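Below you'll find a set of structures to go through.
Each of the next two complexes has subunit A plus one more chain, namely subunit B in the first and subunit C in the second.
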Partner chain A sequence: MLLFLIRSLEAAMIFTFAGLGELVDQRSGILNVGLEGIMLFGATLGFIAAKTTGNYLLGFLVGIGIGALLGLLHGFFSITLGVDQVVSGMGIWIFGFGMTTYIGNPHTGPLGLDKLATWFGVSPFFYLAVIMVVLVWFVLNKTGFGLKIRSVGERPSVAEVSGISVTRIRYMSVIFGGLMSGFAGAVYALYYNPVWNYNFLMGWGFISLALVFFSMWNPYILFGGAVLFGLLWQLALNPQMFFPGLASRYIWRMAPFIMTILVLVLISSKWFRSRWGATKPESLGQPYHKE
Partner chain B sequence: MTLGGYQIRLQRRTNLPGWKAALISVLAVLFGLGLFSIIFLQAGQDPLEIYKQIFSYAFFNPYGRGLTINRFIFLALASFAFIIPMQAGLWNIGMPGQLYLGALAAFGVVYLFGGKSGELTASGAVVIPLMIIAAMIAGGLYGAIAGFLKGKWNVNEIVVTMMLNFIAFYLVAFMIKDGGPFMNLGGRGESFELPEAARAPMTGGYPITLWFVFILTAVLAALFSRMGLGYQIRAFGKSPMAARYAGVKPFFIAVLVFTLGGAIAGLAGYHYFGAVPGVFKIARTYGYFGDLSFYGVICGLISLGNPIASLVIALLFGGLSIGGRYAQGKLHLPFGVDFALMGMLMISLVAFQFFYNYQILITKKERRLDVAVSD
Partner chain C sequence: MAKPNTKEESIELHGDIWKHIQPGEVVLDAQGITKRYPGGVLANDHIDFKVKAGEIHAILGENGAGKTTLMSILFGLLQPDEGQIYVRGLQVRFRSPEDAIKMGIGMVHQHRKLIPAHSVLENILLGHPRSKGVMNQKLAEEEIMALAERYGFEIDPRAKVWQLTEGEKQVVEIVKALYRGAKILILDEPTSALTPLETDRLLESITNMTQDALGVVPFITHKLPVVLAISDEVTILRRGKVVDRLKTAGATEQMLAQRMVGRPVIFDLQKEPMEPGEPVIQVEGLTARNNKGVIALDDVSFTVREGEILGIAGVAGNGQHELAEVLFGLRELEGGRILFTGQDITRASVLDRWKLGMGYTPSERTEVGSIPDFTLVENVAMNYYFDNRYNHRGFLDYKGLRQLTEEIIEEFDVATPGPDVRIRTLSGGNLQKIILGRVLSRQPKLVIANLPAQGLDVGATEFVQRKLLEARAQKAAVILISEDLDEILSLSDWIAPMYEGKIVDMIPAAEAQKDDIGAMIAGIHQEERSS
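And then the complex of A and B:
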């Protein structure tokens, strides 16, 4: 039971890392639907780096680095080139999916390193995730820099007039988003599930994306949602703990995906939108052209 | 920016003639192939030589050509499944899930006719059409879920279709593994084999699904260029708001495009698991075929939603991915060369999207004699 809770929190921390990056990204007005691809890249390259050198730190750094680069790429496409953000995000996802399938294949199998240490039973990354949640909330809501990010996401033309460089703020946000996704992928591959297999992320990037919509762009709600999904995910993996003999394990595996859809439906409903819908960044997904 | 007396500047396009759009697409594919050749360079091979081998295997070797045509049918259907919602401005990345459902429904029909034990209780002339119809209905209904949610509550269709993919993936696993109803009698974790009588007939050496592709191409081309319904779909894709004022019903359009797309994806599922010679079962690696359908996204985007253009692209990519597989075996490259190609083509395509919006103008700068005046 304790192990069940711990694993749930550890799944939650990965959703949180990826979701926080995407949240900041979207707050600045840039939608990146390709975080699954960035996470796959971070996971695969981080895994290969750690496995071949035996150095965990290097693995995480590679994950962060490739994540930041792909975030930059998405920024280049969607900010500088003005490509449709969904097209660019989908492109990064398929690019990540296709390339990591090929690159990672020779390294299929377990990582083969000693498991990373825990603090009080939980991975230290969990505490880092909590700190990051508070930090992101603080920066977004209590600092001038956060105000700049939010204003760029709401009314870029007004922000520009008041002396904020929309392009610069958006680039910083997408790079942060990419970096966090790459890191989340690396944590997944180096700690949570250290056995490489193609597409082994099982849609966690898309679930994190759904969590950002769920969070109404508030880091605390994002974290709550991440814990909820972590619990669900573990429940789906170990149904015999609570419901012995009920339904096949494959049926249980569907549970988190069904839940994701239900949650999305709930937050998309009119009832919900009319109460809390106003939190959506006004210019989310719209490219900004300086006139 | 000025370079050697020439001024280079960017200008937003107001309109894009068809031939220019086609040219951009061709350049994007060539650039993607250029990127892809890095893999051959890394293996110490001459890319041009390898490309020559890939093309001659995929299109001129009789065995390779058969594989290419089979994959072409699959990719063309996957592209159509993507294109129809795309014309309405919606993203269907649920082709894998829809085609799994299609395959399950087709096998369900055979199961009902006692085909699991090897003998059908009815003739193939009854069972095969039923399999095809069931596959299209199942795929269509599964697609309709995303369309319904989008139309009714504006639920993000990208996340929904992706989640539906995973749900369908595990549904297949449930049906064919661990003693599921479709598990083969030998106890292996794959489905029973289709009895001889339930296998799709061949015409001219290729499965009948090839004809479906041609018919659908004609139907879709007519739908989007000549019919009021196609016009409504496209108007909705261009501007949902304006279309709504013109009397287009968003809910109807969303459900319709996803149902049609899903039905065609279901047919793709029937094709790979019920009509391709030498398969005729839902193999353990069914996930591989599901993921291949993401090629449909690239075909659809490159062809700008034109069904006829996407046919050409699907043939090219079908050949390239089969030839890439051949090169993979020959050069001892890791598994997944066809997926690497998919990634390279996709990223190149996204970069070239830029040229749909902007053009580069190069004009000769007038020389001025700038004389420093210092008094």
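And then the complex of A and C:
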């Protein structure tokens, strides 16, 4: 039972890292649906780097590096070239899926290194995730830089006449988003599930993406959602533990997505909008062209 | 000029040039500003003007006279091909708005440049040097309140911008520019979205500002009374050239208009007396919600007869737009009934309403009124595709439609190379003429004209208004929705001021007083009544 809770929280920390990156990305107006692809890259390359050198730190750095690079690539497509962001993101996912399968195949199997230490039974990354949540919230809401990010995501033309470079802020956000996803992938492959296998990420990138919508672009709700999704995921692994004989694990795995759809229905309802105003960044997914 | 090393230094450096300023000294001097657009259009042709500290210098001109181009150049959005700009004697080159802001130039745009989801405070702080690092919102709030108080602005820094009225939003923009240290304030058509009351208050605040040796440059299209009320000097532009430069004292509306348009303008439209005929449209208890789900139209009833113009006066967002949509079947009704020539059309489709003889000219001319990439003929066809004269068992008679379009172009004096060009190539005034023309050519029994002259220049405005009076003379009923009280007063037979979704009163034109109506659309009469 305790193990069940710990594993849930550790799943939550990985959702949180990837989700926070995507949240900042979306607050600046860029939608990156290629999260899964970036995480796969971070996981696979991080795994190979750590396995071949025996150095964990190098593994994480490689994960972060490839994530940032793919974020930059998505930025180039969606900011500089003004390509449809969904198309670019899907491209990154498909590319990541194919490429990592090809690169990772020879390394199929366990990592073969000593397992990383824990603090009070939970991975230190969990505490890092909590700190990051507070930090991202603080930067977005209390600093001038955060105001710039939010403004660029709402009305880029307004930011531009206020003397802000939309392009620069969006690039910074999209690289941060990629970097966090790459890191999340590396944590997954080097700590949570250190056995490389075909499609071993099992859609966690998509869960993290759904989480951002679920959070209504608020880091604290995102963290709460991550814990909830973490619990649901563990439940999906062993549904017999609580509900013997009730639906298969594959059905249970859909739970996070069903909940996200319910939240999306709620926040797009007339009732919610008239009560809370619009919560979605107004320019999300729209390329900006300077006049 | 020494080259500053860092951003902070450059702000300080430029801040220095604003020290020890004397009222009356030239703070902005534009010399020979010339801008040529690709295709050879000369938008600005050697424009000179000077702004003095403590002075209001109005720039007057019709649409297309080059005002927007000049303004964009002064604010660093465009680069001039020729000419120099001097700020307090220092020659400057603006590569971006940021450069202009640093030199003490602030701009208040006609189309609001604010972020609706953010608070007033966040909007003001955006891009401000104070917002570096962790924002000290408390200190900023105090400073902003002090600044607002000084010039008599009312402002709530914690409110979200989407909750504000147009007038309040404009105040936020002005305060934002002043808080960034603007010494020269450029206002683009500052009164276009305001009620008469808000306008008066704004003009008062602007006058207060000039006492602090601020130079103010309002750009104004055809609001001649505003020019006369506030400005010290006025520069008149026509076709990219300065045609006149004069002291406002001693000028008259008639004379300014003539210089601006280049020919005498008739202010009094010929409105023939009409005997009202049968009721065309009767509505009872119309109630509807806006897009946010809030009641926007609250128990509205009225009747319009043949040969009558009902003028719906009001400030944007008080339900007029929803009223127009409800009347034409574009918005769901929550309650109420619509009778058209005695027939209940509450649930009739838009197509049925066209066929019955209703016509609608939307205020969103490029989104709802036309399809920009269609030709003139195709756009005209949008109001005729269902008409048996042009639709033969599903086949459109393009030959006939083309001829019809040519007739409209002729009758409505539309400037276009021909009926087969895309409608997006037309200017705003010509687009409106074709939209109005295709509706009036159907000889409708009822015309709903939603902001028919908004944003048009003096010439096109006069034309559109004359055409509406002609429709009235042909016994059509007209519902005119307008934010311009002068337009309402000169065209209507009945005037219905709207405030917060309700029709406040129904006034016959002969008894209408501009001040009363101005107060009603600002909600003042209602408060008095309830207290």
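FYI, the second predicted complex is superposed on the first by the 257 of 291 C-alpha atoms of A that agree within 3 Å, B and C clash if a C-alpha of one lies under 4 Å from a C-alpha of the other, contacts with A are read in each partner's own complex, and residues count from 1 in each chain.
Convention: a residue touches a chain if its C-beta (ideal position, glycine included) is under 8 Å from a C-beta of that chain, and two chains touch if they have at least 3 such contacts.
The shown structure was predicted, so the numbers you read here are calculated from the model rather than taken from an experiment.
Trainee: Of the two partner chains, subunit B (first) and subunit C (second), which one does A:N105 touch, if any: first, second, both, or neither?
Mentor: A:N105 contacts subunit B only, not subunit C.
Trainee: Which partner chains sit in contact with A:V161 here, subunit B, subunit C, both or neither? Use first/second/both/neither.
Mentor: Second partner only, subunit C.
Trainee: I'd like to know which partner A:I92 touches here: subunit B for first, subunit C for second, both or neither.
Mentor: first
Trainee: Applying the touch criterion given at the start, work out whether A:W233 contacts subunit B, subunit C, both or neither, answering first, second, both or neither.
Mentor: neither
Trainee: After the superposition on A, what does A:Y288 contact: first (subunit B), second (subunit C), both or neither?
Mentor: A:Y288 contacts neither subunit B nor subunit C.
Trainee: Of the two partners subunit B and subunit C, which one touches more residues belonging to subunit A?
Mentor: Looking at subunit A, the partner in contact with more of its residues is B.
Trainee: Under the stated touch criterion, which partner chain does A:S248 make contact with: subunit B (first), subunit C (second), both, or neither?
Mentor: After superposition on chain A, A:S248 lies in contact with subunit B alone.
Trainee: Return the residues of subunit A at which the contacts from subunit B and from subunit C coincide.
Mentor: 270
Trainee: Show which residues of subunit C lie in contact with subunit A when the two form their complex.
Mentor: Checking each residue of subunit C against subunit A gives 77, 96-98, 101, 107, 109, 113-118, 122, 125-128, 130-135, 160, 162, 292-294.
Trainee: Could you list, by residue number, the parts of subunit B that touch subunit A in their complex?
Mentor: Residues 12, 39, 91, 93, 149, 153-156, 158-160, 162-167, 170-171, 173-174, 177-178, 180, 287, 291, 294, 297-298, 301, 334-337, 339-344, 346-347, 349-351, 353-354, 357-358.
Trainee: Tell me, which parts of subunit A touch subunit C in their complex?
Mentor: Interface residues on the subunit A side: 142-145, 147-148, 150-151, 154-155, 157-164, 270-271, 273-274, 277-278, 282, 291.
Trainee: Spell out the residues on subunit A that touch subunit B in their complex, using ranges where they run on.
Mentor: That would be residues 33, 77, 81-84, 86-88, 90-92, 94-99, 101-103, 105-106, 198-199, 202-203, 206-207, 209-210, 213, 248-251, 253-254, 257-258, 260-261, 264-265, 268-270, 289 of subunit A.
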